[in-house]
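First the structure, in the form of structure tokens, and then the observations on it.
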Amino acid sequence: MRILVIHGPNLNLLGKREPEIYGTLSLNDINQALETLGAEFGCSLRFFQSNNEGLLVDEIQQAPENYDAILINPAAYTHTSIALRDSLSAIGLPFVEVHLSNIHRREEFRHHSYLAPLALGQISGFGLDSYLLGLRALFNYIKN
Amino acid sequence: MRILVIHGPNLNLLGKREPEIYGTLSLNDINQALETLGAEFGCSLRFFQSNNEGLLVDEIQQAPENYDAILINPAAYTHTSIALRDSLSAIGLPFVEVHLSNIHRREEFRHHSYLAPLALGQISGFGLDSYLLGLRALFNYIKN
Amino acid sequence: MRILVIHGPNLNLLGKREPEIYGTLSLNDINQALETLGAEFGCSLRFFQSNNEGLLVDEIQQAPENYDAILINPAAYTHTSIALRDSLSAIGLPFVEVHLSNIHRREEFRHHSYLAPLALGQISGFGLDSYLLGLRALFNYIKN
Amino acid sequence: MRILVIHGPNLNLLGKREPEIYGTLSLNDINQALETLGAEFGCSLRFFQSNNEGLLVDEIQQAPENYDAILINPAAYTHTSIALRDSLSAIGLPFVEVHLSNIHRREEFRHHSYLAPLALGQISGFGLDSYLLGLRALFNYIKN
Amino acid sequence: MRILVIHGPNLNLLGKREPEIYGTLSLNDINQALETLGAEFGCSLRFFQSNNEGLLVDEIQQAPENYDAILINPAAYTHTSIALRDSLSAIGLPFVEVHLSNIHRREEFRHHSYLAPLALGQISGFGLDSYLLGLRALFNYIKN
Amino acid sequence: MRILVIHGPNLNLLGKREPEIYGTLSLNDINQALETLGAEFGCSLRFFQSNNEGLLVDEIQQAPENYDAILINPAAYTHTSIALRDSLSAIGLPFVEVHLSNIHRREEFRHHSYLAPLALGQISGFGLDSYLLGLRALFNYIKN
Amino acid sequence: MRILVIHGPNLNLLGKREPEIYGTLSLNDINQALETLGAEFGCSLRFFQSNNEGLLVDEIQQAPENYDAILINPAAYTHTSIALRDSLSAIGLPFVEVHLSNIHRREEFRHHSYLAPLALGQISGFGLDSYLLGLRALFNYIKN
Amino acid sequence: MRILVIHGPNLNLLGKREPEIYGTLSLNDINQALETLGAEFGCSLRFFQSNNEGLLVDEIQQAPENYDAILINPAAYTHTSIALRDSLSAIGLPFVEVHLSNIHRREEFRHHSYLAPLALGQISGFGLDSYLLGLRALFNYIKN
Amino acid sequence: MRILVIHGPNLNLLGKREPEIYGTLSLNDINQALETLGAEFGCSLRFFQSNNEGLLVDEIQQAPENYDAILINPAAYTHTSIALRDSLSAIGLPFVEVHLSNIHRREEFRHHSYLAPLALGQISGFGLDSYLLGLRALFNYIKN
Amino acid sequence: MRILVIHGPNLNLLGKREPEIYGTLSLNDINQALETLGAEFGCSLRFFQSNNEGLLVDEIQQAPENYDAILINPAAYTHTSIALRDSLSAIGLPFVEVHLSNIHRREEFRHHSYLAPLALGQISGFGLDSYLLGLRALFNYIKN
Amino acid sequence: MRILVIHGPNLNLLGKREPEIYGTLSLNDINQALETLGAEFGCSLRFFQSNNEGLLVDEIQQAPENYDAILINPAAYTHTSIALRDSLSAIGLPFVEVHLSNIHRREEFRHHSYLAPLALGQISGFGLDSYLLGLRALFNYIKN
Amino acid sequence: MRILVIHGPNLNLLGKREPEIYGTLSLNDINQALETLGAEFGCSLRFFQSNNEGLLVDEIQQAPENYDAILINPAAYTHTSIALRDSLSAIGLPFVEVHLSNIHRREEFRHHSYLAPLALGQISGFGLDSYLLGLRALFNYIKN
């Protein structure tokens, strides 16, 4: 089982930015934790981060050739990108949407997601665990 | 570690109702799966289901005496009950909100949650897995 | 043919309350008129009134075992209870929604119904006749 | 007792149009069923259908000279015609508003009625039965 | 003069919950302070608290037999319960609505009250004093 | 100076309908009063009433051949007819919009006018005087 | 018959300001034209202009002692002053609201009037004529 | 292939009205251009214009007997007529909606169309070309 | 303890205006009743009424030099004056907002208060008693 | 005549994605069809597709040097990109906006276009034909 | 070059009020700093502060006789005063709107300005510097 | 002191585009004027322009290593980019938001800024001067 992990804009700053919201782990820490859990499941993972909406769309479009599913934290593009939504809709791979922070506790404009209605499900608020739980959900879904 | 699992209105019908939305598991199946996972974590669980907003509030109020955390699927009361919100706010126990179905894919009035801003986080869309992931999230949170 | 007649909150006060809106009949009068009409149709009826959202949900959930259809005046819960909606959706029995007064002539917040989109139809404004017409509609629907 | 039955725009197509919404009866079938029931009640009925808002208003204005009440399915004009509302308000005859389909289950713009607040009541969702129940309600109202 | 004092959901937790919002008094303290003031006025008081919307409606419905007026803190149901509103409207007893905290300083969804338009008046923001002032207002109103 | 006076839907009922809103004058009374005033000004007037949006549009379209200006009470079509607006915009004759009743004191949906932004001005609330003042305004405008 | 003419904020600039909206007449010109017409009717007029909401309220409050009616152009306060509305409601004198420009053709925020629902009627869009027609309407109203 | 071309209200004024919006062609010019293009395609065309919503509905209802498709410029009724929408929905013929002007550049109330969701497609902004392109689209659609 | 009592616009008319809303007491009656109660508490009171927003702001700004608290009925400015809000926020004195009538029973635009979120609390609906209860609340607050 | 054809995000997937919405043609098929039609008109065309908002803006900015007009399917950016709008506004070339699917039949958020008010016109719903009709419209516009 | 500096309501409290929002400078400090900078530019300045909307309007109306431009901090009236807007629009002097605090970071109701659309520009958030930058902008504008 | 100057999408077209909105200066002219003023202050400046949201985010993320503050004209992304907001929030450098044109005078959708609540302040409407004043504000802020 091959899974593409996509990190949206500004997530490359993790660990350096606003730790009261996002915790102190770096993106690398997250990727390593995912890799460890993936190994347990027998999943191979590839990681992709970009601040660029267009590059994220490019990456998603090519996913069906190499991956069985996507784990995505769309960050700010959750709330503004119909292009991301369209690319995920187009490729048809199952995906899970995760958020480090609890988006329902933050600004009003972060409560709505363009992607969530197409996702298997959404997990938000558990820091690193949001990713790990998302990977687990994805793994279980595909296995069945 | 003791965890109270609360199921909101109509969840006692699981397995008998609308399987295209909620899957075919009964509430008992869910509880057993949770118990198994809880045992793995060394958690003891108690289960409570009610269709009655007031009884749910009663139960939540007494939780701090016997439990360390709450795993709750508030079902329809997610969207209408400020009383439930107030009880969870009052007792101050950490809790996770879970939903079997992806609430963002359903009617507009199911997108908003009165409880989510107070929860550690929200998990929606993974059927039984929503509960299991929620228990896992709760366990990890308390352990740290 | 067995029909469950459900009266929502405050309808036990009929005849004693605001006669300029609801007329002077008591709930008992309504039930007797329904019983008489039901007898004509060869229907047996059972009546249930509660001020309690949760008890109404409980009652609706058990209906499929004993009834073929439901005649319901959800009163105030028409406008606030997603739990009632979910229970009716879950059991899948045909039901008709009735209102004594013309809800479109009253406060704005009484114009919307969470239940109506799931009902066979809605009848509002005819006092006792709303119930009798609703029973008739239900009877005709099932007969065909 | 003389009753004017008014059918709004496009109802002349009944039986030929969208049977999944409106059933398979023609307008003539509806009128005959009404006539039969009216005869039972000792009511004489006249039927009027038009696709033209102005002609409907004209007809309503002349009703008080010849009729005791109006049974109306305003169809699309339910949601857009203040002129129809004003004519019904002006003549002051009691009227009942009926709809073949359950308007609360259809597009958002069909949920609001300009006429309902002036009607004795509104009946929607029972196909032919909506008309028959409406006639019954009207008959009972005038009789008392 | 006999007055029924009704406390809505979660008010049984007073003194144990969020003191920065509600102060440190228990519900018992409030009741005793009311009793003392009531004695001064020659009023007998009975106290009723429930987390259950339906039980609150039941209690209100029976009030006219034993009481001259109602002092009510509807708490969370202030903002969601049309059933409570309908029961108060039905019995027709004068009532005063009180809130411990200043509801206009809290979340947007706490600014609107379904009950206030039917109340003699509303008092919010003075902690225990909200109750005492409300009792005073009620007493003066009935006395005149 | 030739002026076309247009009366919208239901105004043919004047004197027979809701006198508490529209007064007791008939449409004929209004026309005669206008004629008298017009004669004073040396204006010839023609009167046109229809309940039919399309016929009103037809009449307006032909106005430029025979008239210098239009005095119009669009009644219910004030609030719903973009077609009327477009016809008045197309012909480019100066026109005044009048209302017998004070539309700002009535239902919310009567506060907005599709025609007013194109009119010289709007006069509402003075009964017959609304027409007479409107004629006067029109006369003064054209004279200058 | 004594009439108080009230001019709201910035109307003292008439003739000097934005002639493309308000024309080239000064406030004095308007007052003289009113006086001339008033004389015809046998009305005595007094004129009052202020840019100050409070002073306008003061003036209105004292009107009942000396005047039979009020002609008011509330200008900008039309859209923002509940205090002006309350003063007119309190004194109970009949009044007419006039506007030089067609307020329905201007910015959205100028379409709503706090005063109009209490006025006999509203006249807008005819420049000086708005005042003269308003005086005429007021005179006719009181005379009858 | 037989196509019905429907022109809504005020389009009979084309060439005489607001050329800065609609260009200088008359309705006849448009019809001739369509006829020429239709001839190229081997289509026979019939043209119908009315200012009357009801007559437009009548015409549409009879279309299935004689035509394969409809080309419609609903003009002002685009934005207000649910009756037109219902008639097009009922007959089920493929149709294309065209507008001479770019409706997205005009008033806010012209941006929404009741018909567009049922049309094959919508073309707006190209003057005469909107019609010609629409005919072409219709022809291609039916041919395939 | 020194308390400034501020009465907003039009309250000088009390007793002369709309008694069905405000009762029959004059402003003087209210002030005397407050003085009597203040004397009981050992409070000295000063009274200030103005119809002028700016003068009310001036008065509030100077309050800290001479007063410990403010009792204010902002009347119409409750709903429109951010300047009043800013002055109360700037001086930082505790204040209570009172209303003679139940503002939640009146027009929609009277439900919102710019001042209430800054007040200790709000009391509305008890006529003279609103003031007296407000003074009592203020006294108790400062005493503690 | 030189025309730049711009395809927005995800259109490179055409033929591979959601054929029930977009048909089975690839982007290449569309380009060839356009090229063929362009040749007929004597137009040279260049094609540009990107998933990247910024690159689309770059391309549009350089268009005036080499092209006479633009044919654009902005896809998802139709609804979210003010930057695209600004670039088209800045360069001032005539452009036509096209959509393969009928955007008025899809999700609410696809009904609004930031670009359409600046376009010559908008064509939506005809699959490949939307492009071909758009090219035709553009050609005719420039030719005149 | 002569410039009128206008300070709106409550700004006379500067230095004494909420220093965490407005800083610790007094209005006098601001005026002196402006005077110093004005002297550098060869501008003479006059300062005017009032809490009274009407007096501010009076002052603005007289400005054209003595000043070339206006620098204004409208404070609370920014958000509520159409009268201020009208006066600035009427006199036609260039003006700059400044705010000490960042109004976009404060309550929602402070984000909208009635004056900004008429201003040369708006500067907000820089404390004393907002005024100094505003003066500079005004000076540069007039100089050119 | 080192300052990064960021120009958003389409600003590279300055001088070539819509001079009636943005003036006739090129981006280079702006940069030189800023450099000159920066030199006066002893600031070194670097300039960055991109049409690409992602590249702007990249640039902002790296700013803390080399700069003390940011001067940004986010252009179209002001109104749509949460990603830009998040990057500025993450790095925590002080920044000033500037706009050449007065955004409050333009389309409704340009009135809201996602960045302004995080900025020191916002300056809009002064052309080149908006940048120069912004630099000045930034310099003064850091100096203190």
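As written, the chain order gives the labels A, B, C, D, E, F, G, H, I, J, K and L, with residue 1 at the start of each chain.
Convention: a residue touches a chain if its C-beta (ideal position, glycine included) is under 8 Å from a C-beta of that chain, and two chains touch if they have at least 3 such contacts.
Source: prediction; values computed, not measured.
J.: Given the touch definition stated above, what is the smallest step count connecting subunit B to subunit H?
T.: 3
J.: Regarding the subunit C and subunit D pair, does the interface count as same (over half of residue numbers shared) or different (under half shared)?
T.: At the contact between subunit C and subunit D, which are copies of one sequence, the residues are largely the same (over half shared).
J.: Using residue numbers, check each pair in B-E, G-K or K-L against C-D and return the one sharing over half of the contact pairs.
T.: Having compared contact pairs by residue number, the answer is K-L.
J.: Roughly how many whole angstrom separate the Cα centroids of subunit A and subunit E?
T.: The computed centroid separation for subunit A versus subunit E comes out at 48 Å.
J.: Just curious, how far off is subunit K from subunit H if you go by their C-alpha centres, in Å?
T.: Each chain reduced to its C-alpha mean, subunit H and subunit K end up 55 Å apart.
J.: Just the number, please: Cα centre separation of subunit B and subunit C in whole Å.
T.: Result: the chain centres lie 31 Å from each other.
J.: Report the inter-centroid distance (CA atoms only) between subunit H and subunit I in whole Å.
T.: 63
J.: In subunit J, which residues are in touch with two or more of the other chains?
T.: 52-55, 80
J.: Name the touching chain pairs, please: which are they?
T.: A-B, A-J, A-L, B-C, B-E, C-D, C-E, D-F, D-H, E-I, F-G, F-H, G-I, G-K, H-J, I-K, J-L, K-L
J.: Per the contact definition, I'd like the list of subunit J residues that touch subunit L in the complex.
T.: Interface residues on subunit J, with respect to subunit L: 52-55, 57-58, 61, 80-83, 85-87, 89-92, 114.
J.: Any idea which subunit J residues touch subunit A in the complex?
T.: The touching residues are 8-10, 12-13, 16-18, 50-55, 75-77, 79-80, 109-110.
J.: So in the complex, the part of subunit F that touches subunit G is made up of which residues?
T.: Touching subunit G from subunit F are residues 102, 104-105, 111-113, 116-126, 129-130, 133, 136-137, 140-141.
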